[in-house]
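In structure tokens below, several structures.
Shared between the two complexes below is chain A, which pairs with chain B and chain C, respectively.
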Partner chain A sequence: MQVTKNSGTDAAATSEPKKADSSAIELESVTRRFGQVEALSCVSLCINRGEFFSLLGPSGCGKTTLLRIVAGLDLPDEGAVRIGGVNVHDVPAHRRPVNTVFQSYALFPHLVVFDNIAFGLRMKKVSSSAIAERVKRVMAVVEIASLADRKPSQLSGGQKQRVALARAIVNEPQVLLLDEPLGALDLKLRKQLQVELHQLQRRLGITFVYVTHDQDEALTMSDRIAIMNHGRIEQLGAPEELYERPRRRFVAQFLGSCNLLGGAVKSRDGSVVSVQTGVGVLKVDLGAQMPDAVQRGYLALAIRPEKVVLDPAGAGINCVRARIEATVYSGAETQYLLRCGEHPLKACLMNATAGRPGLRVGQEVGVYLPPDGLIPLED
Partner chain B sequence: MSVARRAGGTGPIIVQSMQRERNIEVQYGERLTRGAHFIRSALTSGPGLLWMQVFLLIPLLAIVFISFLTRGAYGEFHRPLTLENYARLLGFGPFGFDSLYPAIFLRSLALGAFTTVLCVLIGLPLAFFIANLPPRYKTGGLTLVVIPFWTNLLIRTYAWQILLAPQGWLSRLAATLGLVSTDTPLYPGLFAVGVGMLCDFLPFMVLPLYASMEKIDWNIVEAAMDLGADHRQAFRHAVLPQVRPGLVAGSVLVFLPATGQFVIPDLLGGAKTALLGNAIQQQFGPSRDWPFGSAIVVAALALVIAGLWIQARFAAAKGEPLAP
Partner chain C sequence: MRRLSPPLWLTAGAIYLFLYAPVAAVMVYSFNSARFGAGWKGFTTQWYGALLENTQAVDALKNTLLLAILSTLVSTALGTLLGYGLSRYRFPGKVPAERFLYLPVFIPDIVMAVSLLLFYSLLRRWWEFFQLGLSTMVLAHVTFQIPFVAIVVRSRLFDLDPAIEEAAHDLGASSWQTFRYVALPMMFPGVVAGGLLAFTLSLDDFVVSFFTSGPGSTTLPILIYSSVKRGVTPEINALSTLLVLASISGAVSVMLFQRGRTVKGWPA
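Take a look at the complex of A and B:
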């Protein structure tokens, strides 16, 4: 009796760390309601150890709520949260092995930079010599060594951001939660800090959970992204997977820009399907995947503007005629707003050579929509 | 005058003159010549300034001057200028050391401190509670705090005398509950003084505290918790520093008048002890010793100014806005 009991607890003890090895954070059917509104609807998610994980979505999609639940600043109505394999339902915020970089930085206004960064260590009663050493080291890492005696009110936005980051990572958390940390900075600084944050994450090996509504930020920095909308995860995957193979309309439109075409399925030949869209009949090879919608005789397709090929004389399969309605020049590339019958189409061409190609507003062109650029959507 | 004028109907705008007319200033979008500006300021601010000069500054200077004179046999003033009054205040009277006036000062300061501490202990949770009420109840909560303030001080104090009277139901209730022994009345005594002072000064503490609590940035409190502070530490390191301007302002607003208050301690404390207020009244009234009364006033004023100065220096060193 006693022996079996022991072996039972042993098994539990060994299985727990195994889980902890692979995943830093696990969410299981987490639901959070605010009154009538469901901010999170049954979200399940597994974030790997050492990963740069982004939660991307429009404002109000629940991404910040999710982050706050992990931090312990909010509690789920249903579901379980595990950090490092441990269920943290009963663990208050101040005892969780995570730290947060707040959107508004939330630096202590009455403390100088050094004391701001030392706060977490002081709460843990670390000896003052160890605090001095660790704070100095972290300040060097985020390049604010010269600001130790400044008050937050004497710092620029970028400097505040670095202090907020230093204040969190000095505690060496298992997971660092970042809530739109670069949202308040200007574009150039944001780009620079994106690179720095990414390198920092690689160097420290800490799991980063990064909340943002900026798709460029998510695409350039993340190992994996979860795209959220209305409290649900729409799709989860590596950046190129999400961009090249969005499964749903929302993801296709939210990430980058895209042309949506859809229509009745006219014929099927093995995995190749012909669809009667607003711009004409398009052929697309669905390969192994066959959305349910095909069974119902309807298929939605998306194509990225840069996959669209403009060919003044083009004709043939997946080639339609369109009129150029406007061009938008933006330095590296030019966007062409086309109209094909009633249906608008966007095309995007890199300006590989100086001067403009002979495509003018009002001109008729052939538009080739290559079958491998057409993405079948599930909805 | 105009820097730009259209030549003809549709032609280009021609800048004619970039010279700015002298004596014209633009303030908050309004154009005014300096003279008009001066006249307007004199008309609006002048009466107030004049009032302050005539009825505050000049009498105050007179009081300071009188405090260095001596009293004649019929209460008239005598020269030469002397520090005698101040020596007497410090206890060095004509008959050797006398602790009467130093004791009055200390007692008054103690009363002020006692009232301030009471108000902080009661006012801090109360202001916190009101600041966290749903918005539509906040005004109501604040009104309830201020209502006692609308009643006349004397009426309020007499009411407490009756309520706390030895045979009153509050006294009997306290005795029944074993809070006090049967033969100890709630009034007169320190408890009654505390109740009366609290009733009088609580709004001065709650209102500034409420104002600073309304503005608390809860992100900072959450950041403290996130960094490992428990509730107590988060309060100390994240809430209290944000509430401090209100706490300082409230303490100044309570401490200063409470130090000079003597009606409540007299009526509820049993009129057994002298305080600054009745000492001043005594000198200007029955004793007809204006020079000595003035010296008490000046000394009390000096204490107040010193206190405010220390507090301002303290606040400046901490880099926080100065309390009013």
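Take a look at the complex of A and C:
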């Protein structure tokens, strides 16, 4: 078949959907100010189609503002937002192909559950027979089929959450935005709904953008996480990557617990660097990466408590002596709070691999900080 | 709960007596068969019957109701929009607009009445519409009713999570659809309460009505005033009683409506 020559405008038009294939949402240098405060500072971000993406950070870090800007409920002062490759700067919230699950659920108090869920379809003038069928189907999916005639005031927290979810996904949005949707629920229900939400996302294949301040939630559910602080993205990556290889102090401390050690670089031998830290000289293999700080003669290191090895008789490279100050037993594991000179250290051991003789409070032990467990930080 | 000591109890009793005895007297005397004087000559409902045949009174009643209904409809619509706009939108000059909302509530009626009279007579030079009569009265009543409606509606909106309207927006509703299908139904109890309040205010307004009325637009309060100048008749007592009952039923409806919304489970 003969292919006719494309004009310039056609070529431009076809390049747009190509971009849309991979990315559901793109933010380019988005800045949002509230008075003097920058809630978002030049944030750029690309969220892939079909992924479960989390925005994780402490309250006030700008994650909800970012979500509202994508939804169109707030407008950026600078920068561009693209949804499915289309710049949505001039598209009002009610015409964007995204739906939101609000933190407070924001159900319509004057409408019964069925009408709450049908609201979006009614606004789109879907026929009433199609509405009845789609609402029924989505109510079955989130397991609230028996609640159709209830008012929101007659629902429990968990039920409200399901209605809010159903009300959003019934519209089959390109992207579902979730603003701390499980924040108001008790722990047990939260755990259960985490699993359900994750499975639902896999089943529907809709891109989820999930805002949370709960690190466990983000770690267990997400394909990728952006960790935010003070209106910036500190680090973006898969959960394992963020946990195992945090690049910055904030990320290391915010995600899980860690020991921070740092000090002057004493010597360098290829990629192996010796650092004079508060607990003694530690050797670390930096491999291919070489933080700028090394050039300035300083290196900060982090090590996860579960990577710390306690060995009563230990001695040698990266091995220091410390005193056990306290132990905290929490079922599956035990935490040891140690003090090495003036420097506190935390170690965490699984109780299943117990049988370590004589780790008692007040005792001196050898602490081995394995080089591959030491994470070099950029700041 | 502490017990009220006898002196306090007596004071309270006296206050209530001062408040309600005059109204009670008017109501009782409307059933007195004596045409003149304070002596009780037996029970009768003849004065209520006489009212129906008194064309002046019937006309005044018609005017009063027409004025109250028209002004309430207009002021409720405008006051609702004002209350909604003030609580849900950002716009330049919002703060002064909020401050000035309360001003007509505090301005003495007489000042309001005189200024409206002057204003209308000024406008009358160009527009025939401002000839004093029912049209100027409706306009004047709408003027003092709007802030009351707006304040009641706004306090209702204050209790409602703004995220609910954002959710409507997010689900594809335009600003108008959000107002029509979400905001209005949610604030409807406030709208009705504001409307009933406006209706009651119009019903028993004398000062503003008196200044802005023209020939043929006499309302019940004006009729009562002009009749009393020739002496209190039992018919006036009957008329006053009816007016009191109308006002009370208006106020009670407001209370019932506001209570009803919590009983029906409208969440905060």
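The definition used in the following text is that the second predicted complex is superposed on the first by the 368 of 379 C-alpha atoms of A that agree within 3 Å, B and C clash if a C-alpha of one lies under 4 Å from a C-alpha of the other, contacts with A are read in each partner's own complex, and residues count from 1 in each chain.
Rule of thumb we're sticking to: contacts are C-beta pairs under 8 Å (C-beta built on N, C-alpha and C of every residue); 3 or more make two chains touch, one makes a residue touch a chain.
Here the structure is a predicted model, which is why all the values come from computation and not from measurement.
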Superposition on chain A - do chain B and chain C clash or fit: clash
Which of chain B and chain C A:Ala148 touches, first, second, both or neither: neither
Contacts of A:Cys46 with chain B and chain C, given as first, second, both or neither: neither
Contacts of A:Ser104 with chain B and chain C, given as first, second, both or neither: both
Which superposed partner A:Ala71 touches (first chain B, second chain C, both, neither): both
Partner chain(s) touched by A:Cys319 [first = chain B, second = chain C, both, neither]: neither
Which of chain B and chain C A:Phe119 touches, first, second, both or neither: both
Contact residues of chain A, present in both the chain B and the chain C interface: 71-73, 92-95, 98-100, 102, 104, 106-110, 119-120, 123-124, 151, 153, 167-168, 171
Interface residues, chain A side, partner chain B - complex: 71-73, 92-95, 98-100, 102, 104, 106-110, 119-120, 123-124, 151, 153, 167-168, 171
In the complex, chain A residues that touch chain C: 71-73, 92-95, 98-100, 102-104, 106-110, 119-120, 123-124, 151-154, 167-168, 171
Chain A-touching residues of chain C, taken from the complex the two chains share: 161, 163-164, 166-174, 177, 181-182, 185-186, 265-267
Touching residues (chain side chain B, partner chain A) in the complex: 217, 219-220, 222-230, 233-234, 237-238, 241-242, 318-320
